[in-house]
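Data first, discussion second: the structure below is written as structure tokens.
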Amino acid sequence: MYIAVSLAILVTMVLAIVRALRGPSVYDRVLAVNVFGTKTVLLLSVIAFLYGRPDFLDLALAYALINMVGILAVLEFFQNRTRNREEASRD
Amino acid sequence: MIFVFSLFLLSLLIIIAIAIVQAKNLFVSVMLLSIFSLLMATNFFILDAADVALTEAAVGAGITTVIFLSALALTAQRERKVVGGRTIALIAVGVLASLIIYATFEKPRLGDPNAPVHQHVAPWYLEKTPEYIDIPNIVTAVLSSYRGYDTLGEVFVVFTACIGVLFILGAKPASLRGERNVERAGLRHHLIPQVVGRLLVPFIVLFGLYVQFHGEYGPGGGFQAGAIIATGVILYALLEGEAAALRAIPRSVLLGLVVGGALLFGGVGVVCMFMGGAFLDYSVLQSDPVWGQQLGIVIIEAGVGMAVCGALLSIFHAFAAREIAQ
Amino acid sequence: MKLLELLGYYNYWVFAIALVIGLYAVISKTNLIKKLIGLSIFQSAVFLMYITMDKVEGGTAPIIKAGVEDQIYSNPLPQVLILTAIVVGVSTLALGLAIVVRVNERYGTIEESEILESD
Amino acid sequence: MIDLAVDALSWVLLALGGICVLIGGVGALRFPTFYTRTHAASLTDTMATLLVFSGLMLQAGFTLATLKLLAIMLFLLLTGPTATYALANAALESGLKPEAPTIPGRTRKKADS
């Protein structure tokens, strides 16, 4: 059963990668990164059970906690860029 | 079965690597680089390297993206079209790739227990660690005790890189426009990230401390903990604005962490010498050599964690300050 | 076993290909940030090779489980080397990016060809 | 008997979780515009996470692993939708308009009437 679930997650990872490669907008790529991040957490948890070493869930926990930081950095990046453009057009 | 996963993930790694190099938009490259890092961490995990996977996760998930995005905000986002020189480069790397692949057939295959790597010092580490140091995580034991010199060197490299970034970005830019020097608000007007992020920051720091002090028993240690705590503070800086993060942890404290961590590491080594042992030989710190080793490892890991956390945060603030100044 | 033998070389092949992809970016791209991205791919490829070497068949991560006899553990040494190298890698990457930022301020571009022209 | 029932329940949850992951992945690939794709992707963030982690928790029993799984699940449920929000907001702020797509060869009668 673990294998079936991990296969489903792997297929979804491929779909996310296809989305990341095809774009078309940069936001689609960021979305794919986000989907890929959550899928990695799921895959790591399932693999920990498949291995029979559930004490290695620390890695999944780390990703669950800090995956969002990258996406928030993207939000701030776009926000600052938009603001700079507005200021430049006002000048 | 797990090896089929590995095969699959490694193939994805190649596809992503090609896409990173092909992408004309540098922002897209950076985004794909974070997928690359996730894949790399999963592969490390499958190859039994839980500590390394945790390090890659701590560094690759937040800090690399944040630093790259700050650099992109300060420079151009698109790559110009290049003309010429492509074919020669392609031929050169093609030849190199086939040479390396040809050479790999001489290497022992994956997981071969008789490979030369597994014959030299590794069996000794695995066998003697319970006797000499008595902590379950052998990676931590090797990192901070048997190969303490290496780790000291690496900590000083991180220290030097941090000082270098501070020197290079610390100088005032020539075209400083005075009145534009306003405080960036961060994501303060986004209510949802604000609430969730504020909830997460203490948990990230707590998890970092867990990784720091649980490093003797499970995957973890100073390097990972430093990176995770730095990520937590960076999240705070993203949410509340960079100035608020600097008010919480001022620059002087950050520099103190970097210098203090490196000095703590070196200092323990010198104390060992004064107490009659060799440099970084912790056995002499206590009357019982095993206890001495354990005490030494805890102090060393704390030093590493302080230095890494301080260095990464100083680097982040250096980039962010440049962004506001421009 | 057959499959495992094939895979035993596959990891090294991926290492070789990822290495040359990174190298290609470093030597053929003129954009300085792209060069640094290539450098970090190159670096990751080297990490992959080291970690591939640490794997022992039927082994597990080198964290001793209490009360379990004759368990095979993977080699801790490459893990130690790479663990420190990852953190060092990100700080040196930041140093490189800092230099690129200063180059951009001085020359107004991060394309190598244009920098060479303006000098 | 109880063991078997718990096992069966956890398998059902895991299978449903796997199906949810797949559906979300296909949606994120096939949907026509960016905002619809975020909608599909959020299915994998919430429902799939809940199902897969509940299944794993039933398998783990009362151990430290269950606690860790619970923590991972809670954090994922918190961060996933937040990240999606942040992303959609970034797209909106940078001027990507949420528009209904016009698919050639397919008339949208309901929307018109």
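Each chain carries a letter (A, B, C and D) given by its place in the written order, and its residues are counted from 1.
Going forward, contacts are C-beta pairs under 8 Å (C-beta built on N, C-alpha and C of every residue); 3 or more make two chains touch, one makes a residue touch a chain.
Everything quoted here is computed from the prediction, not taken from an experiment.
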item	value
Identity of the chain that, by mean CA position, is farthest from subunit B	D
A-D against B-D, pair bridged by the larger set of C-beta contacts	A-D
Gap in Å, rounded to a whole number, between the CA centres of subunit D and subunit A	12
Distance between chain centroids, defined by C-alpha means - subunit C, subunit D (Å)	32
Centre-to-centre distance between subunit B and subunit A (centres being mean Cα positions), rounded to whole Å	19
Contacts with 2+ other chains: residues of subunit A	13, 30, 32, 51, 55-56, 58, 61, 65, 67-68, 72, 74-75, 77, 79, 81
Sites on subunit D at which at least two other chains make contact	75, 79, 82, 86, 89
Residues of subunit C whose C-beta touches two or more other chains	60-61
Partner subunit D, residues of subunit B touching it in the complex	187, 190, 192-193, 196-197, 199-200, 203
Footprint of subunit B on subunit D - complex, ascending	75, 78-79, 82, 85-86, 89
Sites on subunit D touched by subunit A in the complex	11, 14-15, 17-19, 21-22, 24-26, 28-29, 34, 37-38, 41, 44-45, 48-49, 52-53, 55-56, 59-60, 63-65, 68-69, 71-72, 75-76, 79-80, 82-84, 86-87, 89-91, 93-96
Residues of subunit B defined as touching subunit A within the complex	1-2, 5, 8-9, 12, 15-16, 19, 25, 27-28, 31-32, 34-35, 38, 41-42, 45-46, 50, 53-54, 57-58, 61-62, 65-66, 69, 72-73, 184, 186-187, 190, 193, 196-197, 200, 203-204, 207, 211, 218-220, 224, 228, 231-232, 234-235, 238-239, 323
Sites on subunit A touched by subunit B in the complex	3, 6, 10, 13-14, 17, 20-21, 23, 26, 29-30, 32-33, 36-37, 40, 43-44, 47, 50-51, 55-56, 58-59, 61-63, 65-70, 72-77, 79-81
